[in-house]
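Read from first to last, the chains carry the letters A, B and C; within each, the first residue is number 1.
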Amino acid sequence: MPVYTCTAAQGTLTSGSKAALAAEITRIHVAINHVPPAYVNVVFSEPPPDSVFAGGEPGAPLIINGWVRRGHPQQEATRLALELSSAAARIAGVAEDHVMVVLQDGPARSAVEGGRVLPEPGQEKEWLARQGET
Amino acid sequence: MPVYTCTAAQGTLTSGSKAALAAEITRIHVAINHVPPAYVNVVFSEPPPDSVFAGGEPGAPLIINGWVRRGHPQQEATRLALELSSAAARIAGVAEDHVMVVLQDGPARSAVEGGRVLPEPGQEKEWLARQGET
Amino acid sequence: MPVYTCTAAQGTLTSGSKAALAAEITRIHVAINHVPPAYVNVVFSEPPPDSVFAGGEPGAPLIINGWVRRGHPQQEATRLALELSSAAARIAGVAEDHVMVVLQDGPARSAVEGGRVLPEPGQEKEWLARQGET
């Protein structure tokens, strides 16, 4: 249900650190937002170094942008962002000063996965139970 | 006015299927949200296969993320997402299980196209009529 | 704190125009939203020409998508979008008809930078003052 896009200049991440970060983002999201791992999507975008700027100068941020369904308690969204930031710094070997995590929310009813409109937060069980019936 | 970003690992889409999917996304958006086709933007992002994960494992999702002006009826946003999902599966030859569509909304007044602030949903006609006067 | 992603087909922007546009986006954002330049992130995404469409046909839009903290006055978000559009056209040498700027907002408390939850708009000073203490 969520989609995470991780952006860092080419050379910041190895194939191995991308796999490890994708696995850890998935683990953290599952633990906090209660969706099965298979529904967590993670994509990496790696522009050339001349395409990434911080403060108007070539920079080396690692930016994680997640889309989540609107309606999760704010406190859990904050905890999710904090844990993702800490994990990203550790796994990518980047100073946490250069890590930014943004969670954007949108209406569950404006999203479709596997041909079905997503459930509101808290109604995942019923939704998953109906999986395969339709 | 909308911007659709379609993300799939390299090799999932051909040049032909990208063109066909862009045309169909445009057609569906125009039919439901009443804007002229020229205002529908579609971009494809195709990271290498080692950069796309589902469930923490290398995966093959096709993710369509659309930005639309806030204020359209929810029911139409849901219908838009459902039709885009079905069209994407059909045109890309991907199982709909692997297709995810997310529509994010934002204030029309926080968006500018052609140098002009976008109209609220429902006020497209007046906006388009003033096109060329300014 | 903001993240701007600029998307244009390969060949639209040079390395020099990307650097100039990043610097100008940063300058404009700092002037209107009152954050230090170091906190403004700008990333360029340049898909091949067969991956960018407007009106269902291959096209040449320059799309600037910014994430900003929710809670800035709407009037300032509108001014920010207008100034970014005008600057982008001028610096990239693209007709403003082909420039689209979208500012998406999200809760400051759903975003983390440098390991710390972002401040609400208007509380930047206190947040920056605590920088280094934690």
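As a convention for this text, a contact is a pair of C-beta atoms (placed from the backbone, for glycine too) under 8 Å apart; a residue touches a chain by one contact, two chains touch by 3 or more.
Each chain and its UniProt protein: A, B, C = Tautomerase family protein.
Note that the coordinates shown come from a computational prediction; the quantities given were computed from them, not determined experimentally.
Although chain A (Tautomerase family protein) and chain C (Tautomerase family protein) carry the same sequence, what matters here is overlap: shared residue numbers make up under half of all numbers found at their interface. Rotation relating chain B (Tautomerase family protein) to chain C (Tautomerase family protein), from a C-alpha superposition: 120°, rounded in steps of 5.
Chain A (Tautomerase family protein) and chain C (Tautomerase family protein) have Cα centroids separated by 20 Å.
Contact with two or more other chains is made by residues 45, 104 of chain C (Tautomerase family protein). Those residues of chain C (Tautomerase family protein) lying in contact with chain B (Tautomerase family protein) across their complex are 7, 45, 47, 50-56, 58-59, 61, 63, 65, 74, 77-78, 81-82, 84-86, 89, 96-105.
By the touch rule above, chain A (Tautomerase family protein) contacts chain B (Tautomerase family protein) in their complex via residues 3, 5, 15, 18-19, 22-23, 25-27, 36-46, 67, 104, 106-107, 109-115, 117.
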